[in-house]
Amino acid sequence: MLIQQLVNGLTLGAVYTLIALSFSLVMGILGVLNLAIAELFMLGGYFGFAVVMAQLPLPLALIAGMAGAALVAAIVERIGYQPFRTASVVTPMLSTLGFSIILQNVATNVWGSDPLQLTDEVLSGRFNIGPVSVSAIQLTVLGVTVLLVALLAFLVQRTSIGRALRAVAENRDVARLLGVPAGRVTLIAFMLSGALAGAAGVLIGVHYAAITPYIGVEIGLKAIAVMVVGGTTRIWGALIAGPLMGVVEVMTVAYGGSQIRDFVVYGFMILILLLRPQGLLGGGRSDQGQRV
Amino acid sequence: MSMYYAGLLSDIGILLLGALSVYIILATGQLSLGNAGFMGIGAYLTSWLTVEVGLPVTAALIVAALVSGLIGIAVGFPALRLKGIYLAMATLGFGEMVRSFFQNFTAMGGSGGFHGMHHVSTGYIWTWALVILAVIMLIEASPIWLEIRAVRDDETAAGLVGLNPTEIKVGAFGCGAAVAAIAGGLFAHHHVYIEPGNFSFERSIDFVLAVILGGSTVAPGALAGAVMLVILPEYLRFLADWRFAAFGALLIGMLLVRRQGLLDRALFRLVLPRSQA
Amino acid sequence: ADEVVLGAIVPSSGPFAEWGRTNTATLQMLEKQVNDAGGINGAKLRIVILDDATKPAQATNNLRKLAGDDHVLAVAGPLTSSAAEVTFPVANEMKVVSTSQASSKPGVAKLNRPWAFRNTIDEGVLGRTTVPYYKEAFSIKTVAIIFDAKDATAATVGSKIMPGLMKDNGIEVLNANDPLSFNTGDLDVSAQVTKIKALNPDGVVVSADYSQAVTVIREMKRQGVIKPVVGSTQLISSAILKAAPEIPIVAPATFYASMAGDKPEKFVKELTPVLRKISGLPAEIEPSMYDANIYEIASIYIEAVKKAGVTGKPDDLEADRTRIRDYMAKLSGFAGLGGPIAFNEDGDAIKAFYIVQGQNGTWQSKVRGCSAPDGKQGC
Amino acid sequence: MTLITPPRLKLDRVTKTFGGVYALTELSLEVAPRQIVGLIGPNGAGKTTTFNVITGAYRATSGTVLLDAHAVTSEPSHRIARAGIMRTFQNIRLFSDMTVWEHLLVAQPHTGPFARRLLPMRFSNPHVIERAEEVLEFFGLGDVRNRLARSLPYGLQRKVEMARAVTARPKLLLLDEPVAGMNHDEAETIRTLMLRLREEGLSILLIEHDMAFVMNLCDQLYVLDFGVLIAQGRPDEIRTNPAVLDAYLGQAA
Amino acid sequence: MLRVSDLVVRYGAIQAVRGIALDIAQGEIVALIGANGAGKTTVARAIVGLLPYRGEVAFEGEVLKPNSAERNLRRGVALVPEGRGILGTMTVQDNLLMGLYTRRDRAQAAKDLAALLERFSILAERRNLLASLMSGGEQQMLAIARALLSKPKLLLLDEPSLGLAPKMTDAVFAMIQDLRREGLTVLLVEQKARQTLKIADRAYLMETGRVITSGPASELIDDPVVSETFLGGRAAPVTSTHAG
C-alpha cells in the first residue's frame, strides 16, 4: 500500500504542480496573483470535455482547452491586470477574483452545477507492477508535468523573453526604453499561463472524469500553496513542492487520519515558510533586494 | 425599520468588524488572509463561555478578544519573517488550520456545529461595531497611527528614523485578531449556530474585499466596503441567474473607477479641509 | 383577499444551483397550475422565490424579507441543513412557518419548534430501514465508512449515525477507529480509496452530497473497488448513477423520477418538459426528490389556506400564520406525491420512503418504509 | 585631536563584508561634537555602507561603533536612531503618502506612558507639535506643510528628509549626498542650514561628491577607497594629497 | 538628425513643456540645461516616447509616435533615464543583457559587452550581484553601459553625472566625446553646466517649460544669464573653490 500511496501522492502532486505553474508564471514574474487561474483551469476542463465527448482525440481536447483558456486569460489581462499595473498588489488580485466570480456563474449557467462526467475513461489503460497500479492517464499527467516545468523553466530563466518579462514586471518604462514591447509581453505571459491552466484543466478533468464549476477553488488554493512553498521566482520550485505537498497530503490520509489532513498540510506549508521565508528554491534573491 | 434591513444591518456590522480586523493589519503593510481563523476562535470561545460557562455575552466577547489577541501576537511574531504573498499564504494556512481544528473538535460539535447561544440584537452588534470603528478612528489621529503608516510605506526607513517595526507589526496583528474575535462572537450570537465551515478562507477574502473596495487608507472605508458587499448582491436580485456574474463585473468596474477604494484620504481632505493639523 | 402570497428560499446560485433552479421551476409551475384552476378560494397565488446562493446568512435574510417585507403566509425552504440551522431560529423569532425541502441533518427542526418543519425524514430514521436492506441484499458483514467532513449533514451521518446503525445491525465497521474523510470540493480521494481497498470491506458507506460522492465512486471504480455503496438521501440524484454504473448504490428516497403511481407520474410528466427548457441544466434532467418535496410543501400551505380559515387580510397575518402552523402540526393524511404526509413533534415529515438501488443508470425501489413512530399510523 | 571633549561618534576598526567582498576594511573615524566631517571617495568605496553600519541598517562584520563612548554596534536600527543618530538617504526615502507636516511628527520619540500614544496627537504629546513647528520654521517649509512630501520638487524633498531627521533632536546627523542633483542656489541654502545646525550643537557626518561644497563646509575629511581609509585631514590637506588625487579627484585637479 | 517642433507636454493640468523646438544634427553633442523643474526631463522622456505629447518629433526624417518607446529604441533612440532606472531585482549581468534585448548581431554584441565591461571594470566584478545592492554611482555606470549596449544612434543622457565621483564624471564625459567621434549623437541633460558646456557643441537653456536661450556652447559659457544662474562656480572642478 505504501508504494501505491506514493504513486497517489505523486499524481496529486503533479496535478498541483501543473496548476502551480500557471500561477507562478504570472506571480513569479509579474508579481500578481491571478485568482482567475482557478477558473481558467475549470474552463479548460469543460472545453476539453466537450471535445472528448464529441469523440475527438485527446490532443485536440488539449488544444481546445489551452486555446479557450488563453483567450479568456487575455481578457483578464486587459481588464483585470493592465489598468491596475500601478496599484498595490492586492487590487489586481481582487479584480481577478471578480473574474473568477463571473466565470463560475457563467459556467453554472452554461453547464449547470451538477458534475459533468465522462462516460468512458479516456486512456483507460492500466499498468500493474506488483501491487501497484498506475493508469495511462496518470502517467500522462506526470509526464506532461515534468515536460512543461522544464520548458517553462527554460523559457523564463534562460531566454531573453523571460528576462524581458521580469524587466517589465519590475519597471515597465525602463523595459520599454530597452526595446521591450511591454503591453504585448504581459499579454503573452497571461495567455501562456492561461494556456497552462487550460491544459491542466483538460488533463486533470479527463483524469478524474468529472468536473463542476467550482472545481478550481480548493485545488487552486493548494496550487498557490505549492507555488509559495516552491518559491515564486523559481519554476523548478513547483516541481519539488508539488509532489512534496501531494505526498504529505496523501501520507497524512493514509497513516495519520484523513480528518487532520488540512491541519497537517497547511501546518507543513507554514513550517517550510518559516524555515525558508521565500520558499524552498526562492533562494531569497529577488525578494531580498533591499538596500539603503 | 423592517426585520429584513435589520438582518442586513447585522450582517454589515459583523462584516465591518471583520473588515476592520484586516484593515488594522493591512495598515502596517501586511496582508492577512487568515482573519476568519481568528473570527472562528472568537466565535467558538464566546459561544463556549456563554453556553457552557454561563458568562454574559459582553464579558465573553472581551475574554475572547483578549485570548485571540494573544494568539494574534503569537502568530504575528513568526509572520515578521514573511512578506507579500508568502505572508498572505501563511496566514491563510493558519486560518484553514483553525477551521480544520474545530472540524475535529468534537467537544464543541466538530463539523456538526454548535448550538445554544442567545440571540443578540442588531443594536448590540452595532454598538460594538461603532465603538471599535470610533476607537480606530480616534487612534488614526494619534502618533501611533503615523508610525503605522510609516512602517507600511517603508519599513527600513521607519526603523532608521527610530520607529520599532517589530512592535508595530506584531501589535497590529494582535489588535486585528482581537477585533476579528469580536466579529466572530457577534456572528455566533447573531446566528445562534456555528459550524467550522463558517470560518473558511472565503470569509477572510470577503474581509479583504470589503477593505479594498471601501478604501484601505481610512477606517470608514471598511464601513463603505461592508455596506457594498452586503447590499449589492441583494440589489442585484432582479438579474436572477446572472446575479453573481453581475456582482463580479461590478466589483471589477468599481475597482476600475476607484482603484483606491470608495473612500480615501484625499477625499477626506477635500471634504474636511483642515482635518489634520 | 385577492392574493395569497407564499415564500420560498432556494439556492439558485453556488454549488447547489441546479437544485435551486429546478425548485424554482417547480414552484412556478405550481403557481401557474393553481391560478389556471381559479386560484385559492378565488384569490390568486403568488410565490415569492428568493435565492440564498447556498450561503446560510443570505437564507436568514431571505426569510426576514419574505416574512417582514413581503408578508408571506409561510415559507418553503431553505434547502441545506446549514441554512436551516440559522434560518429556523429566525422563523421562530418572526413567527412564520419555514419548511425545509432537503435538510436531513438529525435534529435541526426539533431545536426550533414550533415554527420549523422539514418535509424530509431524519437520516437516523431512514438509516434504520436502509442498512438492514443493504445488509440483506449484498450479504454485508463488514463496511468501511468515508464522509465529507466539511458538510455538516454528511459528517454527522458519517461519523455518528452510520457507525451506530452498523453496530445495531451487526455489521463491523473496519475503520471504526480511523474515520476516513475528505472535504467538499476535493478532486482527489485516491489515498482514501486505496485505504478502503486495503481494508477490503464487503461494502462502502459514502456519506456525502451526491456531487462529492461522484468523486469517491469514480475513484473506487478506477481502483477496482467494485463494492456496493450505501448512503443517505444526499446520494439521491441521477448524476451519481453515471459515475460507475457497475457499482450498486443503495440509499433512501421519498421520491425518485421513475416512481410508480398516478400522482408522481403526473408530476414527472408535467415538470420534466419544463425543466428541460432551462438552460444550464443537463439535457436529460428529471425532477428530483427536492422538487417533489418543495412541491408538496407549497401544496400543504395551499391546503392550509383553504381549510384552516386563513383570511389573507393584512391585519390577520399573524393569526393566519399561526393557523397554518397549527394546521401543519395537526396535519394528517395529506396526499403527497408518494403517499400521505404528516409531521411528528420534531417537525419532521411522517411519510413513506423507499430504499432505492441504483444500478445500470436507474433507481429501482426495493423496500417501502414509513417514518411514522413505532405503533402509530402514518403512511 | 579630541583630547578635551570625547568624540561624539567613533568608529573603531569597523569591517563589513558582503559574501567575500570587503566593503569596509578596519575603518576608524571620529566625529567631534559640533564638527562637520566629510566622507568622500570613489563610487563603491563604502561610504554609504559606513552610514548603514553606523545606523544599524547593516550589521558590522567586526569592529565597534561608539556614540558618546557607548557602543551601539549591533543594536537594532530604531534604538540607534533613538540614541541620537539620524540620517538621510542617498536615494530619497520619504513616506509616500505623508504630508510634510506628518513627516515632522512621525520621527519624534514619544515620551510618557504607552496608552497616551493612542490618543490624538494634540493630547498625547503637545511638545511634539511645538517641535515640529519649530523645525518647519527653521527649514522654511511652512508654505508646503500640507503638501504630500513626495509631490515636492527634488530640492525640497531633500530638505524634508533633513527636517525629519532633525526633529528628533539627534546628536549626530548623517547626510548622504545632500546636494546631488541640486543647482547652485539650492546647494547654498543647504550649506547655510548645515552651518546653523552646527551652531546649535549638532555634529554632522556628510557624504558628497560635490567637491566645492565639501571643501567649503567640512572641518575634517576622511577619504575611502575600496573600503580602506586612504587619507584623512583638513580639506586643504586632502585637496593636494596625491593618493586622493589619483583615486578620487582625477587629473582635473 | 532629430527635429523637435512645437512640443507640448502636460501632466494632467500642469503644462510642463510649453511648445519648444530643438534641432540636433548628426554627430553633435547638444546640452540641455536649466533649473530644477524647468522641464528638461520631460523633454527627454517625450522624445524617446515615454509620454504622450502634442507637437512633432522627427528622427532621421521620420515622425516618431508619442508613447512608443520600444519602437523608438529599435530606430536608434535611447535614454539613460533620470534616477538611473536600473532593474534592481535582476542581476547586473541580466541588466546588461537587457541592454542587448533588441540586438540581433550576437557576435558583435558579445564584443561590445566585453568592451564595456573593460571600461567599467566594477560592473564586471559585480556581475552576479543584484543591481539594487550596488552603490549609487555603480548603478549610474550600469545605466549608462546598458543604454550603450543597444547601439543607439542618438543617446539621451538625463543627469548622467548624478552620484558619480569627480574622477568618474570626467571619465564619463570623456567617453561621451569618444563615442561622438565614433558617430554617436548625444543630447545631454545636466546640472553640472560648466563641464557640460565644455564638451557640448551647442546648448539649449530651459526655464519653466520654454527654451529661453540657445546657441553654440562656447558662447553660452560666457553668457551672463547662464553663468550667473547655473555656473555659480560650484559645478566647476575642484580647483575653483572660490564659491560661497
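By letter and in written order, the chains are A, B, C, D and E; residue numbering begins at 1 in each of them.
Just so it is clear, a residue touches a chain if its C-beta (ideal position, glycine included) is under 8 Å from a C-beta of that chain, and two chains touch if they have at least 3 such contacts.
Protein identities per chain, from UniProt: A = Branched-chain amino acid transport system permease protein; B = Amino acid/amide ABC transporter membrane protein 2, HAAT family; D = Amino acid/amide ABC transporter ATP-binding protein 1, HAAT family; E = Amino acid/amide ABC transporter ATP-binding protein 2, HAAT family.
Quick caveat: nothing in here was measured; it's all calculated off a predicted structure.
Engineer: Spelling it out: a chain qualifies if it touches chain B and also touches chain D; which chains qualify?
Structural biologist: A
Engineer: Taking each chain's centre as the mean of its C-alpha atoms, which one ends up farthest from the centre of chain D?
Structural biologist: C
Engineer: With chain centres defined as mean CA positions, report which chain is farthest from chain E.
Structural biologist: For chain E, the chain whose C-alpha mean is farthest off is C.
Engineer: Between chain A and chain C, what is the separation of their C-alpha centroids in Å?
Structural biologist: Comparing mean C-alpha positions, chain C is 37 Å from chain A.
Engineer: How many angstrom between the C-alpha centroids of chain E and chain A?
Structural biologist: Between these chains, centre-to-centre, one finds 43 Å.
Engineer: When the centre of a chain is set as the mean of its C-alpha atoms, what distance in Å lies between chain D and chain E?
Structural biologist: One centre to the other, that is 30 Å.
Engineer: From the mean C-alpha coordinate of chain B to that of chain E, what's the distance rounded to whole Å?
Structural biologist: Between these chains, centre-to-centre, one finds 50 Å.
Engineer: So which stretches of chain D touch two or more other chains?
Structural biologist: 48, 57, 89, 93
Engineer: Quick check: what residues of chain C touch more than one other chain, meaning two or more?
Structural biologist: Touching at least two other chains: 13, 17, 149, 280.
Engineer: Can you list every residue of chain E that touches 2 or more other chains, as numbers and ranges?
Structural biologist: Answer for chain E, listing residues that touch two or more other chains: 133.
Engineer: Pull out all the chain pairs that touch, please.
Structural biologist: A-B, A-C, A-D, A-E, B-C, B-D, D-E
Engineer: Looking at the complex, which residues from chain B come into contact with chain D?
Structural biologist: Residues of chain B touching chain D: 138-139, 141-144, 146-147, 149-150, 153-154, 156-165, 217, 265, 276-277.
Engineer: Considering only the defined contacts, which chain D positions touch chain B in the complex?
Structural biologist: Of all residues in chain D, those touching chain B are 55-57, 76-78, 81-82, 86-87, 89, 93, 95-99, 101-102, 105-110, 117-121, 124-125, 128, 164-165, 168.
Engineer: If we count contacts the way the header does, which residues on chain A are in touch with chain E in the complex?
Structural biologist: 160, 163-164, 166-167, 170-171, 173-182, 285-286, 288-291
Engineer: Please give the residue numbers of chain D that touch chain E in the complex, ascending.
Structural biologist: Interface residues on the chain D side: 18, 41-45, 47-49, 90-91, 153-155, 177, 180-188, 191, 209-213, 215-216, 239, 247-253.
Engineer: Going by the contact rule set out above, which residues of chain B touch chain A in the complex?
Structural biologist: The touching residues are 26, 31, 78, 81-86, 88-90, 92-94, 96-97, 99-101, 103-104, 156-157, 160, 201, 205, 208-209, 212-213, 216, 241-245, 247-249, 251-252, 255-256, 259-260.
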